[in-house]
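Just below sit the structures, each encoded as C-alpha cells.
Common to both upcoming complexes is chain A, partnered first by chain B, then by chain C.
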Partner chain A sequence: MKVKSRISSENLFFVLVQTMMGVGLLTLPHQTHHAAGSDGWISILITGFFIQLIVLLIWLLCIKFPNLTLFDFSKVILGKMLGTVLNFIYIIYLLTMICYIFIVYADILKRWILPETPVWVLFLIEFVLLIYGSICKIKNMISLLSFPFIFILFLFFITFFVYGDSSIDVRYLFPIGSSGGWNILKSTSDSMIPFIGFETLLIYFAFIKQSKTISALKGVFLAVLFVTIFLTYIVILSTVMLSPEEIKITPEPVLYILSAMEIRILSRLDLIFLSFWGLIVFTTIISYSFSVSMGISKLIRIKHNFAVILSGTFVLIVSIIFYYMEITLLEKWLKHLSLIFGIIIPILLLLITIIFKREAASTYEKN
Partner chain B sequence: MRKTEIFLIFFILPLLAGCWDERLLKSSRTVYLSGFDLNENGDYQITSIIRDMNISESSRGEISISNELVTGKGSSIKEASMTIDRSVPGNYDPAKGRALILGIDVAKGDIYNVLDAVYRDPRVDLNAKIAVTDNSANEIITHLSENEVEKGEYLYELIHSSEMHSKLQEITLRSIRTYLFDEGKDFMLPYLSKDEENNEVKINGAALFHDHSFTGQFLSPDESTLLLLFMETQSKKAILTEKLDKKADESVSYNVKSVSRKLKLEKEEKVHADIMLQLEVEIVDYPPNHLDKQEMINFLENRLSEILTEKADALFKKLAANQSDVLGLGRELIAFHPSIWKEIKGANYYEHILVNPKVKVNVRSSGIIL
Partner chain C sequence: MRLKRNKSKKSLINQANLSIENIKSQLNHTSDLKDREIHSNNQIYIILYINSLVDQEKLESKIIKPLTKMENNNILNELYSQEISTARSNKIAINGLLDGYCLLIKKGRNSEGFLLKTTASTDREVSEPKIEKTILGAKVGFVESLDKNIFLLRTVTKSPDFTVKTYTLGSSTTTNVSLIYLDHVTDPEIIKKVEQRIKSITLDSIQSAGDIQDCIEDHTVTPFPQLLLTERPDRASANLKDGSVALIIDGSPTVIILPATFMTFFQTPDDYITRWWLGSFFRFIRLFSYIIALILPALYIAFVSFHYEVIPLELVYSLQSSLSYVPFRPFIELMIMQLSLELLREASIRLPPSVAATFGIVGGLVVGTAMVEAGIVSYGGLIVVAITSVSSFVQPNLEMSSSIRILGFPLMLLAATFGFFGIVIGVLCVLIHLSRLTSFGVPYFSPFVPLNIKDFKDTIIRVPSWMIYKHSKNSPHYKQEKRSRKWKLDESEEPY
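Moving on, here comes the complex of A and B:
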C-alpha cells in the first residue's frame, strides 16, 4: 500500500528533531559521565557521527521501496509471514518506547514539581495529549511538530543564564581523553539513548517528496547534526558547572543547575525549563504513536484513528502497571532494544535487499 | 472530529489545575533564616525564624508581619525539622530560607551531614547563602531576631554586598556542593561574629575550609580579596588599601580593574607553583601626592608590587598551614598535569605544593584627576 501524502525535506527536519529530542535530554550528562567521565561530550559527538551513517543506511534501504513504509516493505523483503512478525515486534518496540517515555516523564515531574499529585493523573494527561496529537493526517502532525521547535530554542536560551555563575570551571573538561579511547568508544552505546527516534525514519522516508534525490537526505542530516550539537552543548555545560563526583550523584544535572539560577523576577528557572521540556517530550510521544498507529492499522486492518486509541490505551495501562509495580526492566533493556531495532534490523534488511535483489515493483507484479 | 478534540480539551482541563500540589500561604510557615548547631551528645539543633503574615479582620484586612523564633532537636537534620513541625501550627517549610548559618561545631565536622537533607528537597532555594559563625548559630539568630527587622534578608544582603566588593568568595548553596565534591578544590565561607560593643552581627572575614570541614582559621577581608584576585574571580569592585610607609602614615587605596594570571607548575622535590599576577589598578584615594609625574607612578607601582608580593607570601603560607586549597591548584594539576597529580593525590595533597606568588601592579588610571 503506497502512502499518498507527501512531506518536504524541511518538514522531515522538524519531525526528526522533535522525535529525537525527548526524555533523554535531562539525564544525559549524568549518563555520559557515568560511561566516559569528563569526555562525555566526545562520546556524544562520535555517536552523532555514527547516527549519520545509520541514517544514510536507512535511506539507502528506503529508496529501494519508494513510498512504502517499513510495515509494507518488510513483507516484500522477508515474505508475508516473516514480514508480519517483524511488523508485530516493531509495533511492540515502538509501544515500549512510548511506555518508557510516559514513565520517565511522570517520574521526573513527580520528583521535581508535583510530589503530591497522583501518578495516574499525569499518565492520563499524557494519554489525552497522545490521542489529541495523533488522530490526524501526517500533514497536521507535521504542523503540530514544527511549531514546538521554537521551544527547543527556548531551552537553549534559558541555559544562557548559567554563564553568570562564578563556579563555572572549564578545567573540569580537562584532561581531554583521560578516560581512554576505548572507554569513550564503548560509552557511545550508552550515549545512543538520547538519539533514539531516528528509527522512525523507516516510516517517514515513505512520505518524502522525491526520496531518491540527495536533497531528501538534507533535512535528515541537518536534524541529526542539530541534535548532536544541542546534546553536546548540554553535556559540556553540565560538565563545566558540576564537579565530576557531583554529577555522579545528580541524576538530572540540567535541572539541578537551573534550579539554582536566579534572574531578577524568577528564582526557579528549572520550572520554566521543565514546562518547555514537557512540550518537547509530547512531540516525541506524538511522533512515536503516529508511527505505531500506522503500523497497527496496517497489521490488523483498522482505521488510523481507532489504532491511535488502541495504542494509547495499551500504553496507558502498561505504563501504569509498570510504574506501580516499580518495574525498571525497560531502562536496562532500552540500550539493547534501540541497538537492535534502530541499527541491526535495518542493516540486516538492507543486506537482504541487496543480496536477494528485492524490489518494490517486482512483488507488486506477483500480486 | 472537531467534537472529539473539543471533548478531549475539556476533559484534560480539570486535570491540569494541579490542585494536589497546592500549598497555601496561609497554612505554611515560611522560614527565612535557619541555623544549625551540634551539641555535645551529637544531636543537631535547628534554629529558625518563621515569618507570619497576619491579615487582621478588624482593621480592614491590614497585613501585619510578625516573626517567631523556633528551635528543634534531633539526631539528623530532618528529625530536628520534624520536631519543629510538631511544635508549630501549620507546616514548617524551610524552602524559602535565604540564608543558612552553621554553628562552629557543625562547621568543624563534616558539613555535608547538615546539607544533605537540603539537596534532596526539590523546593529548596539553592541560591541561599551560607555562613559560619564563631559561636553557636542559635546565638546569632536570637540576636538577629531581636534586633533586625528583616532577619534573613539582612544576612543575605550583608553577605551579598561583601561579595560585590570582592571580600568574599561568591558561594551559594548550589556551588558549595560543587566544591565539596571536588577533590582538587576547597572554598571559604563568610565568617560571622557578634560584635559585643556595637551589638550587631558582622562579617569578620572568610572561614577557610579543607575538604568538608572548617579549619578553624579565617582570612581577613583584605586577604580574601587578594586570594580572589589570585583566583581571577573578583567582582567588579575590589578596593584595597595599603600603607606605603609605616612611619609617615601614607596610604593609598586602589581599585583592581583587571587581573591576568600566569601559573606555572613544576615538579621538583615538591610541586612548585609559580604564580605571576598582573593587576591593572585605578587609584581611588591617594592624598599625599599626585600622579602627574612618571617617577611617581613608577614608585607607586614598585612599592605596591612589593607590598602585595609580601602579603601574598604570607597568605599562601597561611593556606598551606591549613591545607586549604581555595585557589584550586589540585584541579589545575588534575586538568593539565595528570602525571604529577597521580603522584601526590590524596586527602592532604596540598602538603606537596609550594606556592611562590609574585604580584606586579600597573597603575592604569587615577580617576578624573591626576
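Moving on, here comes the complex of A and C:
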C-alpha cells in the first residue's frame, strides 16, 4: 500500500539524526580505542564516508519504488512468500534494536544516576514513554523529533566546559596512523554501532516529497555528515582528555570526563548530560518503535496503535528477561546484525531489483 | 412536557401569516410588550414593541411623530429610522422585537410588517482594560456591546479587507456572534474551519466567550489554551493583520483570537511599541520565566533530595543548615508552600483593594517568615517558591500561567521519585503532548515543533517591523514590502 503522508527533506534530516544519535555515543570512544587505539577518530571518519555510500545505495533502491516502504517493496522484489519472511526478520531485528537500547540506557542510568532504583521500574518508564510517543500519526512523530535537535546542540556546548581542564594533552593523538592501516580499517566494523539507525531510511524514504530529485537526498547526506562530525568530535575529545590506559578501563569515557568537571555553580556535569541525553535516547526509541509498528501493522493487518502496544510489550518482556538473565548476546551480535540488515540485505535487494528488473508492480497501483 | 410546548410554539412561529395575536401569544403576553394604534392619513397603523428594549426617545421622535404627520402613504420615505426591513413571518418579527426593533403593521394588510430600528443602547463608556495592562499601549478596552466592539476594532484596522460575518447562535436564548477577518490575509482554510465549527454549535444558550471556546477548540484534554482571549482592540487588530480570525460575542467584553499558537501567549502590544532590542529582551524574559516557573520547584527537589553532589559544596552547607530543622521531605515542604501560595492567590482576587495591602503583609510576610522560623519550611524552599510565583506572574496571559500550575505538580512528583531523570521524563511527556496539539490545523508549538528557524523572528525575538516581510504561516499570500529603510542607502556617506 502506498503511504499517503509526505515529509520534507529537512524533516528527514531531523528524523535520521535523532534515530542515529542514541546510546552508542556514550560507549563509543572506549570501543574505538579498543579496536584502533588513538586512531579511533580516523576509523569513525572512514565509517561515516562508508555510510554515505550505503545511504546512496538505499536511495537508489527506494526510488525504484516511490512511496512504498521496505515492508511493501520487499514483496515486490522477492515475491509474496519470501517478502513476508524478510519483513518478519526485519521486524525482529528492529525490535532487537529497541531491546538493546532499553537495556543499555537502563543499565547506564542505574550505574550513574539511580543506583537504588530497581531496573524493572526504569524499563517500565521506557515502556510507557515508548507507547505514549509512538501512538500518533507520522506527522506528529516527525515534528516531535525535530525539536530535540536543539538539545543535541546544547549537549555539544556542555562539552566546551571540558577545555578548562589542564589535563588535556594533544600528544595522545599522535602519531597519527600508528595503529596501522589494516587495524583502522578493521575497526570500522566496531565504529558502525553508533551509526545504527540509518537503516530506518528504508522505511522513512517512502514518505519524502519528490523522492527522485537530489534535494531529497540532501537531508540524508547532511544527517550522516552531522552525525559523523559529532562522533569524531567526541572521540577526539576523549582521546585527548584521557590517557590510553584510562580509556581502556572506562566503559563510558564521555560521562567519566564530564563527571570530573566542575564549574562555579554546577558540579557533576555528567548527571545533567546523562539526563538530557535521555531525551535523545527516547527519540531514538520512538522512531524505531514507530517504524517497527508500521511493519507489524502491515504484516498481520492490525491497527497502528495496537501494533505499538504489541511491540512495546514484546520489548519490555524481552529486555527484562535479557537483563536479569545477564545475557550479553545482543552486544556481541549487534555488529553483525547491523552489518547484515543495514548493508548486506539492502545491497542484495538492489542487485535483485536491477538484475530481474523489478518495478513497483501494477497490483500496487490498484490500492 | 416543556419540550412539547416548545415544539408547538416553533410550529406556530413558522407559520407564514403575520398576526399580532399570534405574536402576542408566542411572547406569552408578557407585560412589557406594548402596542399602539395610530390613525394617520385615513389609515390605521399598529406599532408593536417591547417596552424595556426600546429607546423611548427614538420611538417617539423618529417613528410616532412622523407617522402622525404623514401626508402620503409611502412609509419608507417618511420615517427617520436608519434601518428598515420587511417582516413577512412571525419568526422574523419576533426576532426583530427581541433585538429591540419595533414592528409597524398597516391594519387591513396583515401579510406585511416593517421592522424599524429603535434599539436602546446601554453601553458603558470605553475604559482602560483591567487585566491586560500595558505601559505605552492604547488605553482602550472592549465593552459588552457587539456593535461597539466591531467599531473599536475597525477604527484600528482600517482596511477594505475587513470582513464581518454575523451568526445567531443558541436555541432557547439567542446570541449574536461576529466572525471578523481580513480577506486576502487570512488563510481561507482557517476561515472555512471556523465557520464550520461555529455553525455546528447547538448549545441552548451562550453566556460568554467560554462557551464558544469549549465548542470550537481542537483539544479539550490539555492544560494549554488554544484560543487567545483578549480585551484589547490593539492586540486583536495586530493579530488580525497577522492572519488570525477574531470572534466577538455579544454581551462579552472578551474577544476570541484564533488560531493561537504557544508563542502568541507571550506577545504583548508593548513589545511592538518599544524598540526591538527591548521588545526581544522582554519576550525572552517571559519565555525564560515560563521555563523557570515550570521546572524550578522540580529542580530544587531533585537537587536537595537526589543530587547533592551537583550543587557546589558551600551552597550545600548553607542549605543543609536550614533544612536540618525541617521535619518534612523536600517534596512535602514545597507542596505546603505551593498550596498556601495558591490559597493566598485565590483569596487576593476576591478582596477589595483597600484590604488587599494588609492581606499582602499578613499573608506574604508574616506567614512566610513565621513558617521558616517555626521550621515548617526551609529558606531554600521559600526562595524557590517565591521565585516560581514571581515568574508565573510575569506571564502576560492568565490562562497560560495557569498551565504552569497544573503541570508543575506532576513535575515535582516525578522529580521527587526519579530526580533529574524524572524531570526529563516529564519534559519529554510535555513535548510529546505539545507536538500533537493543533489550533485550527496550525501546529501549536509552531516554530519549535516542527522546528523552523525562520519563524523565530517574530516569536522568540521580535525583529524590527520592517524586517518582517512575511507575517506568519496563517497568511501565505500576504507579503510586506521591504523598503522602509531604503533611505539609509541614499543618505549613506563615503568614508573618505
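Quick note on the criterion: the second predicted complex is superposed on the first by the 360 of 367 C-alpha atoms of A that agree within 3 Å, B and C clash if a C-alpha of one lies under 4 Å from a C-alpha of the other, contacts with A are read in each partner's own complex, and residues count from 1 in each chain.
In this section, a contact is a pair of C-beta atoms (placed from the backbone, for glycine too) under 8 Å apart; a residue touches a chain by one contact, two chains touch by 3 or more.
None of these values were measured; they are calculated from a predicted model.
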{"item": "Touched partner set for A:I125, first chain B, second chain C, both or neither", "value": "both"}
{"item": "First (chain B), second (chain C), both or neither touched by A:I113", "value": "both"}
{"item": "Contacts of A:S167 with chain B and chain C, given as first, second, both or neither", "value": "first"}
{"item": "Which of chain B and chain C A:K357 touches, first, second, both or neither", "value": "neither"}
{"item": "First, second, both or neither for A:F14, with chain B first and chain C second", "value": "second"}
{"item": "Partner chain in contact with A:E245 - chain B first, chain C second, else both or neither", "value": "first"}
{"item": "Partner chain in contact with A:S267 - chain B first, chain C second, else both or neither", "value": "both"}
{"item": "Footprint overlap on chain A, where chain B in one structure and chain C in the other make contact", "value": "113-114, 117, 125, 129, 132, 262, 267"}
{"item": "Residue numbers on chain A that touch chain C, as the complex places them", "value": "11, 14, 109, 113-114, 117, 125, 129, 132-133, 136, 140, 142-144, 146-150, 262, 264-268, 271-272, 274-276, 278-279, 282"}
{"item": "List of chain C residues in touch with chain A within their complex", "value": "307, 309-312, 418-421, 423-425, 427-429, 431-432, 435-436, 443, 445, 448-451"}
{"item": "Chain B contact footprint on chain A (complex, rising order)", "value": "111-118, 121, 124-125, 128-129, 131-132, 135, 165-167, 169, 171-175, 178, 241-246, 249, 256-257, 259-262, 267"}
{"item": "Complex interface listing, chain B residues touching chain A", "value": "1, 4-5, 8-9, 11-12, 15-16, 18, 20-21, 122, 125-127, 169-175, 177-183, 185, 233, 328, 331-332, 334-336, 338"}
